[in-house]
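One chain, chain A, appears in both complexes that follow, with chain B as partner in the first and chain C in the second.
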Partner chain A sequence: MIRLVLRYAALALAVVALNFGLPRLLPGDPLDAFAPDGLGPAATLTASARARLQATYHLDQPLAAQFAAYAGDLVRGDLGWSISRNAPVGQLIAERLPWSLALVLTALVLAAALGGGLGLTAAWHAGRADRWLTTVSTLVAALPEFLVAMALLLVLAVGLHWFPLQGGRSAFAGGGLLDVIWHLSLPVLTLVLATSAGFTLLARGAVLGVKNAPYLVAARGKGLSETTLAVRHAVPNAMLPVLTLFAVRLGQVLGGALVVERVFAVPGLGLLAFEAIQARDYPVLQAIFLLASLSTLGAMFGLELVYRHLSPHGH
Partner chain B sequence: MVTDASRVRGLAPVRAATQADQGSLAPGPGQAYPPRVGISLVVVIGIGVLTLAAPGLAPYDPRLSVAMPLQPPGPAHWLGTNDIGQDVLSQWLYAARATVAIALTVTILATLLAWSAGLLSGLSARGETPILALIDLLLALPALPLSMLVLTLIGPTQSNVALLLGLLGWPAFARVVRAQVIATRAAPYVEAARGLGAASIHIARTHILPATLVVFPAHLLLTLRFAVFAEATLAFLGLGDPSTASWGAMLGWAFANPLLFTSMAWTWLVLPPALGIACLLLIGGRARPLRNPF
Partner chain C sequence: MRFAWFALVAVVVFSTGCALPAPNGQQPRPAGDARVVRIAWPDSGVLTPFRVSTLGPGGPVLLSLVYDTLVWKDAQRLIPWLATSWDVSPDGRDFIFTLTNRATWHDGQPLTADDVAFSFDYYAQHPYRWQSTDIVESASQLGPDRVRIRLKQPFAPFLDDVAGSVPIIPRHIWQNVSDPEHYTAANATVGSGPYQVAEYRSAEAAYRLVANPTYFAGQVMVDEVQQLNIPAETRIQALQQHQVELVQSADASVADLTRSDPRLQVLETPPLSIVRLAVNTSKPPLDRREVRQALTLALDRTRIAEVITRAPPIVGSAGIVAPETPWFDPDLPAYGFDPQRAKQLLGGQTFSLELLADPTYREPELLQPMLQAVGVTLNVKRVDAATRTQLLREGSFQLAEVQHLGIGGDPDFLRRWQAGTEANDFAQGWTFVNAEFSQLAEAQAATLDLAARKQLVDRMQAILADELPTIPLYYRRFYWVYDQQRYTPMNTWGGLMNALPFVQNKLTFLRR
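Up next is the complex of A and B:
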């Protein structure tokens, strides 16, 4: 247990250090852009002004002191200052987070339920349906999310006009809850399709693994119905891989659905990241990377605890 | 002495990886090749021809504005023109080139890294801990936010994208190679070679390395797929080389135009690159990725 905590603490520290170190690994001084021969907007940066800037950003201190300042800011919840929006990054993220959470959590729960159910059915009733389901799932899982998103957008929004093209709510219309749900249904559908394929394949494989296990033969011999067998006896033992994928995906929630939010212009973290790429707004990208990696680590840590609870003899 | 049972157990992850597609692409005795093999071959050869012959086939310079913007497909421009009057067909042909170039570079780099790390961590006691820790860290990091941050910092040139994806693409297979090394290094024939006094470098090269090549076809297919998938996603998000556009970048540009869906322009701006990416990714049919890159 202590080893586990230590391992994850080390990984978290590595992530923070990576986030701190990446910009500093690159050659050059951020203030060089403003030097007289640079092409920056302030073409005349006097030596005293330069020194003042260096002091403001702690650039005149040794790396260890810079890291301490950075870690202190993180502990206080200060994620930095956005260059392009001139606002605290933490505030920007807090504004966008609800959209991403609503979108990704809904899609994840639906995808896990749908994929798990389909996988169980496919494995239980081997045959033509199984082959079709496996083929379609592997093909969908091989495609990037933006292709799935575009296909849905073109057919359901552009072609059939059933759903709005883009955005999180109707412009100028106030936009109640129903309006938001209507706008989010295509992004959610995309994520469900793209994510459930993985769940289907994993659940199918896991159920196939236990399907002919002696304990199931014994249970069948007792005269239990096929439904009881599948739900009460096969599922609990086939849960672990599905649970693992669920935890991995749950950890990625804080990164937002980067690609899908871009296609449908949902104003979540993913779109914030996309806008930050366009504006070369490093602090925003750094904060999103930090949040995404820490939440992934957190989800994996939680998963390890659940593992221990589920199979105490496995460790 | 090693028992048969433990060898079989050691090989299990390898078998799982190579047979993830439910049987390799090679047919069993007395069976015909499944149709997906033929389709994949046609796609591979087609893309290869496009890649090599792009300068000869492309009617225009893909970077120049050669006609009115947003012209529908016609005799002069088979796939129409984009929003700044570039010929979409020429762009599409050159984009195939950019995509394949990145995919091949990433695959070579990731292969070298995966095999070096796998062999080192499986054979050297000193190398084991740091390499495994690195693999753990890389697998735990969310790849897409990391790539976005790094590429924004160092600039999304073609070589930077290939380098980054190569550096991110090896850990999963390094583990598979390592499992294979561990299973092989205890095999009786390796012990016999050691007993005969063979140097460890000789054993690694002539006995252990060949045994790891079982997983090479699966690695090749899945890494190529990873590279295409990841490159297309990054380019779609605007992290591609603007001077050598790939299919993902063409899609990203199309979506940056707010008027895309007000006319039929999407049919020639979106469909060709999207179909190109889909074709490349579906090579090998039902073979499954070890891990979705993003």
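Up next is the complex of A and C:
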């Protein structure tokens, strides 16, 4: 256990260093302001103003000094100040984190539940059900997420007006939780369609691997129902791969879902990261990458602990 | 097991829903009770002069609803605003403004000449990034309602560019703020404008501005102005579904909407947006004027404009200044589409050129065959804006496609581009060095006589047309689609502030 903790601690330190260095490998200057879609000019920047801003953000310092300042801020819990948005990075992330969680976490849970259930059904019943579910899952998995999002938007929002066009909630209209659920329905549905197929195929494979195991044959011989056999005996023994995929995806939650956030204008971390890349906003990029990396590390750490508990050979 | 999954899902949805920022506690107003105008536009940042977004022109436009300037513009001319009148000294260096005594800050304090003087002093220490005030030598209060602004030298664009776009800020709030870029107090957005900032949801880029009931310049007719971040792909649908009242489009085909929905109207702006090729004139073969002229003649710019804009084409003027604007010189040589003449100028040479272009630009696909026909192979390198800007600044380019605004207002932008004293994403890449042009550029900025200045600017345009340090491809209009039952926008003379083709002039919200 101690070795496990130390290994992950070392990984976390490496992540901090990488997150500092990676954004700086991008060409471009974070002090340049870029207007999108030919809507420049962006704001002007005289030489003296540029020098002042460089000093403010330590960009005139050697990399080692910049990293020292960054590490010192991290220890104090200060994620820095966004160059492009002129706001505290911690505030930007805190405002967007609930949207990413609501969107990605909800979709992940639903996708795992749906995909796991369909995979179990396909594997258990075999025959036509298996062929249909496998074919449909493969087709859905092959569809680009952007295409699915646009199709749902065009049909259900633009065409039928059943769902809103964009946003996480009605602007300034006093809506509550139901309003949020209504707004996030299409984005969540997009993500569920995009990710459930992976769970389906993985669950199907895992269940097929245990379906004809001796203990199941014995249990069937004892007269247990197929449902009991499937849910109480097959699933627990086949769930490790599904759990692994769930944990991997869980660790990616804080990376947001850029495509879906962009199409439906959900103000999540994915969109923030994309815009920060465009603007070369080092403090925002560092913070988001750090959060996403550490959450992935945390999920992997948790998964290793679960594996040790569930299976003597899990580690 | 099934119940456990259901419970987990319910917990996730409920808990994350509860974790979301609580919605505005106010109930939505009944449709007939309050007048609200909603505008679709991306994030504009925190609405102070020091934290407003520097990414795109939406920031200063929205800021103009919260703050006022000394002068303003209507559809025909410059008009008094905070300054009811002004006098200019014979040498053009002193501007003495007489201010209205009816203006107040949103917190009720009176706006005085002291605030105006303070503003310019403060901007000298903490620049307003959307308009340089470096030309100002000093600002001093002459009386409760009179202020003198002294310039370092005569500066013809002062009224239009500086006095007409620099927001006046309250001394009693900013005098003790040493770090305005990081000032986050609640009173940071106190201005004097027709609207006060009631709410800004930064994650959603949603603004709610409420009317200033004591606005000095007239009755504010629209109770609330909201700016909402709606993706470009769904803005028109949002307008059709009554979710917004004003959206912008670069596509002329939006005019078709008005035929199907009588509620909607389209307001075209003058062609204040330009698409051009930045040319690195410091490196062969583009250091030769004949080559640059040949490239221009090889391009069927009419067709390029037609294909891309799907609107009546407005071919780029070699003098850069946009047509339909006061400073445009219509007598410049027009480079038509003449591949034969282009080949003659190239003298049978063939060579390759590299063009930097954004991944979304479609023009390169049209440019390539046109240039290939005259023996020039165009290699297109797709780079994003940040990379392009760095390459332009370093001079590591041959051609670069740039698209931007700001070419229709005061022509002093021509001087600023070539002076190299400013850096922004379209002044980069200006490698042209011409002694006469530089002299004319400095002279026009200091020439207060309109006719004399026009002659100087015309000569500058003629030099640009002959030397072609940049190849203007075409101009674009903005198309603003609006719900005419709820709001009527307007075009501003020379564009809003520094030639911005935005139609939500604060005058459209007032009854005067």
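We adopt the following convention: the second predicted complex is superposed on the first by the 261 of 315 C-alpha atoms of A that agree within 3 Å, B and C clash if a C-alpha of one lies under 4 Å from a C-alpha of the other, contacts with A are read in each partner's own complex, and residues count from 1 in each chain.
Definition applied: a residue touches a chain if its C-beta (ideal position, glycine included) is under 8 Å from a C-beta of that chain, and two chains touch if they have at least 3 such contacts.
This is a predicted model, so every value here is computed, not measured.
Using the contact criterion defined above for the overlaid structures, shared-chain residue A:V15 touches chain B, although it does not reach chain C.
Look at A:L258: by the touch rule set out above, it reaches chain B but stays clear of chain C. In the superposed model, A:P144 makes contact with chain B only, not with chain C. In the superposition on chain A, A:P241 makes contact with neither chain B nor chain C.
Between chain B and chain C, more residues of chain A are touched by C.
By the touch criterion defined above, A:T134 reaches chain B but does not reach chain C. Of the two partner chains placed by the overlay, only chain C lies in contact with A:L92; chain B stays clear of it.
By the touch criterion stated above, A:R280 is placed in contact with chain B and with chain C alike. Contact with chain C, but none with chain B, is seen for A:A49 once the two complexes are overlaid on the shared chain. When both complexes are overlaid on chain A, the residue A:G298 reaches neither chain B nor chain C. Residues 26, 157-158, 165, 262-263, 278, 280 of chain A lie in contact with chain B in one complex and with chain C in the other.
Interface residues of chain A facing chain C in the complex, by the touch rule stated above, are 26-29, 32-47, 49-50, 56, 81, 84-88, 91-92, 95-96, 98-99, 101-102, 105-106, 109-110, 113, 153, 157-158, 161, 165-169, 171-177, 179-181, 231-232, 235, 262-265, 267, 278-280. Touching chain A in their complex are the following residues of chain C: 1-2, 5, 8-9, 12-14, 16-21, 23-28, 38, 42-43, 45-46, 50-51, 53-57, 59, 127, 129-132, 134, 181-182, 184, 199, 201-206, 208, 226, 228-234, 237-238, 241, 243, 250, 273, 275, 360, 383-387, 389-391, 393, 402-406, 416, 421-427, 476, 498. If you check the complex, the residues on chain B that touch chain A are 136-137, 140-142, 144-146, 148-150, 152-154, 225, 229, 232-233, 236-239, 251, 255, 261, 266, 270, 274, 277-278, 281-282, 285-289, 292, 294. In the complex of the two chains, the chain A residues touching chain B come out as 11, 14-15, 18, 22-23, 26, 134-135, 138-139, 141-147, 150-151, 154, 157-158, 165, 198, 201, 251-252, 255, 258-259, 262-263, 273-274, 276-278, 280, 282, 285-286, 288-289, 292-293, 296-297, 300.
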